[in-house]
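First chain A sits with chain B, and in the next complex the same chain sits with chain C.
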Partner chain A sequence: MAAAHAGEARRPELRRAVTPWGSFAWGYSDVGADIFVGLGLVLAAAAGASNVAFLFAGIVYVCIGLAYTELAAAYPFAGGGSYFVLRGLGDIFGFIAGWAVLLDFTIDITLFAWSCVDYSGQLAPVLVGSVHPWIHFFAALGLIVGLCALNVVGVRESTAFNGVVSALDVVSETTILCLGFLFAFRPDLLVHNMTVSWPTPYQLMLGTSLAIISFVGLESISQAAQETYRPSSIIPRTSTALILTILIFALSYSNLALGMQPWHPILGAHGHHLQFWQIFPGNADNQGKAVALLAAQVPYWGAVAALYVPVLGAILVLISSNSGVFGSSRIAYAMSRSNLLPSLFQRVHPRFRTPVVSLVAFCGLAAITLIFAALPSLFPGAMHFYARVFHGESGLDFLADLYAFGAATSYSFVFLALIALRLVDPHSPRKFKIPLNIPIRFRSEQTSIPVLGIVGFIGIFSILVFTLMTHPIGRVAGPAWLVVGVILYFIYRKHRKLPFLHSQPHDWRQDQEEILRTSGDLELLDQYHAALKAADERKATNA
Partner chain B sequence: MIQLGGGVQATVVGAAAAVVIASLIALTFWWMLHPPASFVEKQAKEAESELERMVGSIVVVFTPEIASSHMMALAAKLARGERSDLLALYVVELPYTLPPDAEMPQEERSALDALGAAETIAKNNGISIRTEIIKARSTKQAVLDIAKRERANLLVLGDYREGKYLGSPLSRTIEEIAADAKCDVLIGVEGKHGTLLVGEPETEGEVSPPPAF
Partner chain C sequence: MRSMLVLRGAFAVLYMVAGAIIIAEMALTSLHAGFKVVTGIVLGVAMIALGVHRLSLIARMRGKA
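This part shows the complex of A and B:
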């Protein structure tokens, strides 16, 4: 017997060792950093309606979060959104969703490396972008190259490190918000700012499309699903906690920023007093480090917060940038294994055993986007060109545009996949289901349509439309990225003699059994077998 | 509105918002970190609580035919981990042909050796131990009486094989104690005299380590 077992080739599997806190921290290190970047951008765009912009984006985000929770708990596989869409809608849409996520992760690398330099600039003035653009540029480029090198040699931040930083950040942000509301919040000021500084509909749409970037990164929890212990039970809790935490922070920050009485008076160019939110419009330096500026204005605690929040913020956004490096290579690897991308992306370094081609390719793309983002500040001539063609968007706006476009596109497909999977795969056990469902019969099987899935799709699709309407660069570069991707996909599939519009054969039933067998929730495997058996019996009876 | 030092003002709405934020965050994390247990986790928890019940008081039994020396180290580690009371008991069986106060110097000498070794093991493991030598007509009855007196949760007994299969590796006394004891009984059969693995060929696929020159 022993010899027989020794002779069997056992496929290595990802070890399920991620705990509830580890799963939360994995997502938080990605999503939690977004508010550090998004707050300033939204305050600059939506002014007195920033809290409304966050509320609208937050409602959509809750729907997205619930959709991801249901899908990640039912299909705990490392592919994330791309895998859900591949399974629900087929190869071509799986590719488009995965390609959009790749855009998001690539921009994530650049945007958060940029923001890391901005937060560091709060303590080290030599890094302030408007004063020393070349130093700012090379610092961000150095971070991208450094993260790429670290990932190639296989050094990544540990889950424990993520857990500690996430815990520190949750405590820190809760403290800032509680003390801010306690000592600096003036309800009458909030009402005044919302009344006097209410934006135009165009600005509100712009602000809403930017607010969605504060909620991007739920993908990370589903990415980690395959390594999470008992994912069907744990992921619904960690996802819901992440959704609530981020929503509480985003709504609280935006309301506090609008109703905040600064600890120290803020004077404008002409010596008159400014409201706190008024330091953001037209000031890219401030937009990039909004949370640090807000924390410094909290009475009493601000003296301490001004010292540690920039450091904590810089570490958190750097981890987020690293999750972009790691995530893009991982998704490219998974897409390549599903024959959606060339096998080149599966190539691993002979010594370090890391997907070196994917890492270098997407970090290279991130460096190119950094150059495009930094051009106006580096060369005044380019600024005129950007002003004429792209209405003078700053580098940070450029990155945020693409980030919002990629997120809105991939999330739209995820909603469609959620609805499609309810119809085509009603037998997979769903330990968590989005609330509000309409029961229907489809192909003689009892199933249901998620109402919140439809609401969420309408919401995210409208944000995608807002993005295309209000972001001059986003409406050019975003669709261009997708078109280039589809052309490359067509060439690749033709080369491999695989169908272009149709899907290659998949054995989803066997895949699902394998996923449930290794997930640690063996009761779900029993449920799945029972559901399949009942369905087969029904079919036999009908026949 | 309450005026504080340095021109800072606190409002009731702001204070209420602060309390709500802190409470929501705390409740969210408490809920997240307490997921429902799965079937296997419930089973594991039950088994662990059984262990606590099992090892509150441990009695390690020695007699001329119950060789528990090799189990003593295990019992000591168990007692240390679970902070149990540990008693090493040596029963000298007195034949009916002898009077109740008969001297049995050879057996008593063996008892002192066995219990001395037990005390050394306990000392090395940093735990306290009580030792006791008793004479009895029936070993089984004596062990059961002591177990009852001590309210023992676990009786530890050891046995050995002499390399020849005789139908059962356990002695009659051990079988009787295991059958009648009202607590858990842990019996360890020493394996070093076993023959199963001796002379077995190496399994296919295993590579012998290279010789060291």
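This part shows the complex of A and C:
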């Protein structure tokens, strides 16, 4: 595909100018924002086992991160999960994975725009959703429309801006973490809360499926790969740091939330003292700005953190929302060029040279999901309908349902693609491989099966099952999104006279050569040629 | 450049020390808490791993310089 693209009248390519720090910051500004949204939701759902929910999701996330690192370093092409699955499993599965990623990016736009307003509401009470739902709604809608307009015009936040925000956030979160554990954390309180507030298995499954949303956005690793010089060397280094950093923040915040002695006493409705985590169940306002509330409770630093963390959080989640706008349009564009979506999505604005149809289509979808999420708070009459049909889920829960479904579905396919690519494409040089591999021979070629890939698949598939079991909206709207997508895919492929279930012909060898040549990894290109030559000679000898 | 490396090195050491303290705290509590401290121990190990990773990157950069 890459080669096909390259052959098309010398179309301009992405400039490879992303440095190691830029690569880290790119991923961090996307994945790092997730904990700002996920923490409150998980604390509300999994109560005393929130840290366990984060640990389970975190282990799966480490496997996902390693899988993306291996794939992005071996195939540094911006198509991401959709491209890996297309290459490993074929067109139809590539479409399903890409379609699930599109759902995720679309929800990402709404969820993070919503969360940006929540964090801003910590300093500007006029934006608090429960008090001024219409202002909250229009603020979120304004952000979506504004980001769409900026992307149509072609204005993106620069890598340098991402780098500054990411650096500030890493320093800020590390300070909160260190001071929190030093001055406020009590292990006995953690154990006490875990003992007396252990959730039911249903709640734990719900919390675990929500915890995975704190680790979504690894597509950005592959996105950055195509704009990084010598990605096979840079990506593994930056990804390892990114994976560990995100895991540390998620585990530390969940442990702190359960085991911290609040700096200021928190009183309940009847004047009795509450534990910190107890302010989240049943309180959507608090769930939307959990990190800011936690930071404010850290001794000494909390007074300062209460002022800047909401601002930093709002900026970070806004960047993440923007990455949803940019990412959805770019993936739709890439899928369209691979004949997985109609060519309409390739249409670019004549003046700004941006994929205007994709941008408007997915921002429009994001606006529709915003309306669905906000409806019960805007019209209390709709609450009865939501209570009956969706078990009362609305707002952040509504968005988190779909986000978790899209992530679990696309990641499941990426694990399968990782294993399939090891088998069908053993010759592509892999400078980074997931640890723990079982060597095997497949079609007379020496290759290996990644054990962590299998573990990760089982983990993410179980989270997908948890999502379907515990999310009333996710189990209806998520599969419905996939079914509608597959129907549209069949109609489109029939119209273009392309095979439905089978793949169209691809020249993956030429593709890989093109990818390695443009990435500057010329030694790997030589290795690839040598491996292909040796394989061809073996085949000739056997014949 | 050199001051940035020193800063990043200090950051890495901070992570390792904090990770070690968290593990020690959790290990002391584990005598009566059992598996409930596992998340804390994993957190401490991850912090030490990140510190080691960052230090190895700095060492590699210094080697190249």
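Here is the rule we go by: the second predicted complex is superposed on the first by the 532 of 543 C-alpha atoms of A that agree within 3 Å, B and C clash if a C-alpha of one lies under 4 Å from a C-alpha of the other, contacts with A are read in each partner's own complex, and residues count from 1 in each chain.
Going forward, contacts are C-beta pairs under 8 Å (C-beta built on N, C-alpha and C of every residue); 3 or more make two chains touch, one makes a residue touch a chain.
Remember, predicted model here, so these are calculated numbers, not experimental data.
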Report for A:230: first if it touches chain B alone, second if chain C alone, otherwise both or neither. first
With both complexes superposed on chain A, which partner does A:164 reach: first (chain B), second (chain C), both or neither? neither
First (chain B), second (chain C), both or neither: which does A:54 touch? second
Which partner does A:131 reach: the first (chain B), the second (chain C), both, or neither? neither
Does chain B (first) or chain C (second) touch A:254, or do both, or does neither? second
Please work out whether A:304 is in contact with chain B alone, chain C alone, both, or neither, and reply first, second, both or neither. neither
Who does A:191 touch here: chain B (first), chain C (second), both, or neither? second
See if chain A has more residues touched by chain B or by chain C, and give me that chain. B
Mind sorting out which residues of chain A both chain B and chain C touch, each in its own complex? 174, 177-178, 181, 185, 187, 237, 240-241, 244-245, 248, 252, 255
In their complex, what parts of chain A are in touch with chain B? 2-3, 6-7, 20-21, 24, 170, 174, 177-179, 181-187, 230, 233-234, 237-238, 240-241, 244-245, 248, 252, 255, 261, 263, 299-300, 520-523
Which positions of chain A touch chain C when the two form their complex? 51-52, 54-55, 58, 174, 177-178, 181, 185, 187-188, 190-191, 194-195, 237, 240-241, 244-245, 247-248, 251-252, 254-255
Mind pulling up the chain C residues that touch chain A in the complex? 11, 14-15, 18, 21-22, 25-26, 28-29, 32-33, 36-40, 42-43, 46-47, 49-50, 53-54, 57
What does chain B use to touch chain A in their complex? 4, 6, 8-11, 13-15, 17-18, 21-22, 24-25, 28-29, 31-33, 35-36, 38-40, 203-206
